Amino acid sequence: MPDDLDPQSDLPAPRRSTSPYLRNVIHDGVMHISGQLPYDGDGIRTTGTVGREVTVEQAKEAARLCALNVLAIVNAELGGLAAIRQVLRVTGYVACEPGFDGQPQIMDAASAVFLERLGERGQHARTAIGVAALPRQAPIEIDVTLAVDTGAAR
Amino acid sequence: MPDDLDPQSDLPAPRRSTSPYLRNVIHDGVMHISGQLPYDGDGIRTTGTVGREVTVEQAKEAARLCALNVLAIVNAELGGLAAIRQVLRVTGYVACEPGFDGQPQIMDAASAVFLERLGERGQHARTAIGVAALPRQAPIEIDVTLAVDTGAAR
Amino acid sequence: MPDDLDPQSDLPAPRRSTSPYLRNVIHDGVMHISGQLPYDGDGIRTTGTVGREVTVEQAKEAARLCALNVLAIVNAELGGLAAIRQVLRVTGYVACEPGFDGQPQIMDAASAVFLERLGERGQHARTAIGVAALPRQAPIEIDVTLAVDTGAAR
């Protein structure tokens, strides 16, 4: 399959956690993925609060990175994205000023990644909220639960 | 059955999403519903932050609307509320000032809707938190996961 | 078994909820536990916002209490911690100032409780976020979903 048809060929290697929790847990066909920050390589390029240091466009790019980091974890854990049966739930936390209401617009950039890479299997229930602050001064964090097929991979 | 005994007779038609996500996803008997805002008809009447523009009483009414919008989705998707086996988890996000601690009081109005309409099947685990801001300047958003019987409807 | 080997011997009695929601709901082997605040006995000793009234060290102790309250609920509901198959997902909400990014450090204290008491079964996916405010002026609230064995206990 040529690279341009392979939905996971350009995914980064997933980051390894040094904390006392796991990047993901699978139980009964459901994969719970830890909150993902917009890591790009080893760091987070865009930091700060949306509406102050960070623009909506920058936050959308960060949302896209969060979603790619989710897929990178699935890819590493299950040997490809074919193991995804359905993205079930995506929660998006946007660090923003009080009164900011562009969370859905920002989260659409994350949702689009799942649709582009997975088609109908990428459609999901979603919640978008605005929070006071996030780890590593990230402007966005996303939290994903997926139905996965572990038959072949485990 | 007279209307006053029918727990779903007065539910609004569920809103159609125009965004790249689904209003709900069902997997393995569990229904994940997207975060619901206090839509009343086509709009959100009460906007702003609790403790500033929005009173606790107004926020309780908004919480009630969020819960009704959840039930409207189940009703539309599964042809009635009888398909609900159990409300499992409700998360309530209240847009509020730092220092405000009335989130549980506000969320009780949402919880009460589930109890009134569903009896014991409406009892649920719950988390209530205060956030910086929400989509469409809503004072509250709720996020629900339910166990449903899809045998008849799907 | 001597007390020092019994991972649940020192857990407090779980608090009884007076609200219209349940402390936990179990469906299909998955236990959803309501958001837990850092109750210590009957009250919350440390209140306020991290970075203002509450230090990181105080917040870590509060995180530990939240995790113990989760385990107290499981212990009461299922007659012991042996019924836990796996902690699946932990979400930590830290009440903090904008710009604060120590949520993971604080949540590590909660994660450590699960590891200490449950070993590998205590490993979990995790999300840590900073929020505007929490019920009862608590500096932290955690929300947990676990896989449990209900065969013996129910």
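Letters are used for the chains, namely A, B and C, taken in the order the chains are written, and counting of residues starts over at 1 for each.
Simple rule for what comes next: contacts are C-beta pairs under 8 Å (C-beta built on N, C-alpha and C of every residue); 3 or more make two chains touch, one makes a residue touch a chain.
Since the structure is predicted, the reported quantities are computational estimates derived from the model, not experimental observations.
**Student:** For the identical-sequence pair chain B and chain C, what's the CA-based rotation angle in degrees, nearest 5?
**Tutor:** Answer in degrees: 120, to the nearest 5.
**Student:** Check the residue numbers that chain A and chain C use where they touch, and answer same if over half are used by both copies, otherwise different.
**Tutor:** different
**Student:** Let me have the rounded angstrom distance from the C-alpha centre of chain A over to the C-alpha centre of chain C, please.
**Tutor:** The separation of the two C-alpha centroids amounts to 25 Å.
**Student:** Taking each residue of chain A in turn, which ones touch at least two of the other chains?
**Tutor:** 28, 91, 95, 98, 131-132, 145
**Student:** Show which residues of chain B lie in contact with chain A when the two form their complex.
**Tutor:** Answer in residue numbers: 19-25, 27-28, 32-35, 49, 91, 93, 95, 98, 131-137, 141, 143, 145.
**Student:** Mind listing the chain B positions that touch chain C in their complex?
**Tutor:** It is residues 28-30, 85-91, 95-101, 103-104, 108, 111-112, 115, 123-132, 145, 147 of chain B that touch chain C.
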